[in-house]
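Below: one structure in structure tokens.
When the chains are written out, they are named A, B, C and D in that same order, and each has its own residue count from 1.
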Amino acid sequence: MANDNKAIIAKRVARELKDGDVVNLGIGLPTLVANYIPSGIKVWLQSENGLIGMGPAPEEGKEDRDIVDAGGRPVTILPGGACFDSATSFGMIRGGHIDVTVLGALEVDERGNLANWMIPGKLVPGMGGAMDLTVGARRVIVATEHNLKDGSPKIVERCSLPLTAAGEVNLIVTELAVIEVTPEGLLLKEIASNTTVEEVQRRTGARLLFAEKITTMDIEP
Amino acid sequence: MPKIMTAKEAVANIKDGMSVMVGGFMGAGTPESLIDALVEKGARDLVLISNDTCFPGKGNGKLVDAGCLKKVIASHIGTNPVTGRLMTSGELEVTLVPQGTLAEQIRAAGVGLGGILTPTGVGTEVEKNKSVIAINGHQYLLELPIKADIALLKAYKADKAGNLTYRRAARNFNPIMAMAAGLVIAEVEEIVEIGELDPDEIITPGIFVDLLVQRS
Amino acid sequence: MPKIMTAKEAVANIKDGMSVMVGGFMGAGTPESLIDALVEKGARDLVLISNDTCFPGKGNGKLVDAGCLKKVIASHIGTNPVTGRLMTSGELEVTLVPQGTLAEQIRAAGVGLGGILTPTGVGTEVEKNKSVIAINGHQYLLELPIKADIALLKAYKADKAGNLTYRRAARNFNPIMAMAAGLVIAEVEEIVEIGELDPDEIITPGIFVDLLVQRS
Amino acid sequence: MANDNKAIIAKRVARELKDGDVVNLGIGLPTLVANYIPSGIKVWLQSENGLIGMGPAPEEGKEDRDIVDAGGRPVTILPGGACFDSATSFGMIRGGHIDVTVLGALEVDERGNLANWMIPGKLVPGMGGAMDLTVGARRVIVATEHNLKDGSPKIVERCSLPLTAAGEVNLIVTELAVIEVTPEGLLLKEIASNTTVEEVQRRTGARLLFAEKITTMDIEP
């Protein structure tokens, strides 16, 4: 994925966050969202390995081996942060105490199904905390490039890969579009300034519904 | 009161074929001295129960590298390509479990529950061969307790009664594993006298801990 | 961030007929200021979820005395003869639950489990109207989550982010109730600035706490 | 119950404890066991309201309102003691981490059933932690006077009162006898110096089996 795309997606997702939200960002692209949180908005970043109030990476040389994120990378704890064990951490997640989780996708479909944890016979990393996050968070935002490198769609009618969770995705943000998962299907709400509704539909593997007013994603790359 | 001993003495209790829980998350909060002693000892056919298999050459990953394991129960093995390779070649059995479910299964074993009902995994491959129980229109998977012969923990401070504190995100799976194994071995940074830890700062009460090892 | 307010302001959120969890064990760790404010307010028809009803005139017992309750879910009411009398006369509905089951049911609600299987109560009256599930030859009762509209907690210190610490045996049911209610009100001895509590000493993270009340 | 009887029972139960045992003593008579723990034996007293390492009552005037036992009475915490929440406390209990619990009885029967939490229509205090303790502790010792005030037996063939737990009692200690619950029935192992096997049987509501060697309870009142 081009870095430009990553930044666009992360910036747009960041705008979904509200002041005071408890947010869990998945490994990879979702982690970037932390860099673009609008000024005036304070969120609590939860990390499933057992901390809340996660801060940015420490200065070089100031890493603490006991303060890491869910990817094992050095982070910091902000004032007001707290540590807890894994059962409590997933209690927070499964119990509905996380307002928003942002996760990547291999596939996401019009029923809000998400597949992001394995490709049979090829890649079996494990689900880590993704299944609990998808089921437990109040709002599930998928942050993903619109298409695979070969141009095939990641947003599809039905996921063909093993699911992470069934029917739990609320919003899909790509470099091209912002799409809401509704009971009626995928509702296109915003498109990037450099694309058209027709192009977004052509590059999407499911029929899109169109919001009454489709706005432009106002993001500087 | 727990016995205080070296890592080598402590892991002498671990026999080939046993199930071993190991605390830690991508290496943070992993008992490195105990892992090293297990590798040194040439342990074989262990069942590892742990969040992940860390990275090659690090933390739990050393047990994979050294061929100590016959099976891994974990939530994530993606950071260790050796684990993936051995799984694909059939040399290592791997069971993947959602991280929150793994935590509750270990906790359930420790606190004497017969199982727990979780919404996690409903409608996914995790559901396979499990009872699905519907309550008030919601579906849950019945997940059973996971216990082990041995738990290897990493704590921050211990007093001589075995009471443990943890530091920052190094806590993770350690406190729940402390309750869920037949023999509990804790590796710690520092061993202090009884009474030096405040009753309110203790996370794992000493009655759960059998052996104490000072980190080398 | 939780709002800091008086007990009177805080209990204004509690409407007649609501379910209210109250932390504490025979009065230790009970939010007395909040209880007094509830009595003062003349609350009616509350469902109290708490370990016990303390003693007449003390802790939760004041809610019984003042006629604030229509139902009690507790593990023990033997220390409060008023509760027993109102139960016998049919003025107060009482559901008795084994203490460990009550703790797990509250926790289950807080951590999003659909239920738990416990061996406690098998072969007793507690079994009535419950599913009995056999696993590997052992029998367990399926116990469902208990949540509440409101939780009233007593903590020791809070920072302004709502992080809580507890003192000694005053902890008891407070930390699990903190996760299991729609609105969580914590009465504390002292409110300190953010950053004054160490991340490792916090028992209840502030995200669980909605309103903070300084004990009067 | 005469204070003498209470002391005899508590003293005899105390001898069942081993060095290092984790012990939970029920409210009432069982609490007295703490006063008679043999010298050289150190046990960890667990209190289900959330502490381990419970010590004796404080000096008058030194009570701490936050340090109480499961009956709400002021106690102390010994060096090495720890505090925890109710879920953890009952995790300890239900999870088999308590070596011995000592409980009172309204009735106990030859199958090891215990009734000690209610008398329908008369007394309904609630089970508190007793059901969890009886099911969870590795060894359940019932400490009770041999008979009710009217002379009727508390040790019976089948409990008539609502059960606290089914088949979990291991040992019964009264002022007259020490009786083990075995798969074959109630095995009389010791009798008080001031009674006879015949008297014990007569005052017991179930048929007793006799140990090969019935010894004398060597307890000074």
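To be clear about the criterion, a contact is a pair of C-beta atoms (placed from the backbone, for glycine too) under 8 Å apart; a residue touches a chain by one contact, two chains touch by 3 or more.
Everything numeric here is computed off the predicted structure, so don't read it as measured data.
Trainee: Between chain pairs B-D and C-D, which one is joined by a greater number of C-beta pairs in contact?
Mentor: C-D
Trainee: Round to the nearest whole Å and give the separation of the Cα centres of subunit B and subunit D.
Mentor: 35
Trainee: Taking each chain's centre as its mean C-alpha position, how far apart are subunit C and subunit D in Å?
Mentor: Inter-chain centre distance comes to 29 Å.
Trainee: So, what's the distance in Å between the C-alpha centres of subunit D and subunit A?
Mentor: 56
Trainee: How big is the gap, in whole Å, between where the Cα atoms of subunit B centre and where those of subunit C centre?
Mentor: Going by mean C-alpha positions, subunit B sits 32 Å from subunit C.
Trainee: Could you tell me which residues belong to subunit B and also touch two or more other chains?
Mentor: Subunit B, residues with two or more chain partners: 104, 107, 111-113, 118-119, 166-168, 171, 199-200.
Trainee: If you look at subunit A, which of its residues touch at least two other chains?
Mentor: 51, 77, 83-84, 87, 90-91, 93-94, 136, in rising order.
Trainee: Chain adjacency by touch: line, ring, star, complete or other shape?
Mentor: Here the contact pattern is something else, fitting no line, ring, star or complete shape.
Trainee: Tell me, which pairs of chains are in touch?
Mentor: Pairs flagged as touching, ordered by label: A-B, A-C, B-C, B-D, C-D.
Trainee: Flag every residue of subunit D that touches subunit B in the complex, lowest number first.
Mentor: For subunit D paired with subunit B, touching residues are 20, 22, 44, 46, 51-53, 77, 79-84, 87-88, 90-97, 136.
Trainee: Which of the residues in subunit C end up touching subunit A in this complex?
Mentor: Spelled out, the residues of subunit C in touch with subunit A are 1, 107, 109-113, 159-161, 163, 179, 194-195, 197, 199-200, 202, 205-208.
Trainee: Subunit A touches which residues of subunit B in the complex?
Mentor: Listed in rising order, the residues of subunit B that touch subunit A are 25-29, 51-52, 54-55, 74-79, 84, 87, 94, 96, 98-104, 106-107, 118-126, 166-176, 203.
Trainee: Would you tell me which residues of subunit D are touching subunit C in their complex?
Mentor: That would be residues 47-51, 64-68, 70-72, 77, 83-87, 89-90, 93-94, 113, 123-132, 135-136, 162-167 of subunit D.
Trainee: Any idea which subunit B residues touch subunit C in the complex?
Mentor: Within the complex, subunit B touches subunit C at residues 104, 108, 111-119, 133, 135, 138, 140, 142, 144, 165-168, 171, 199-201.
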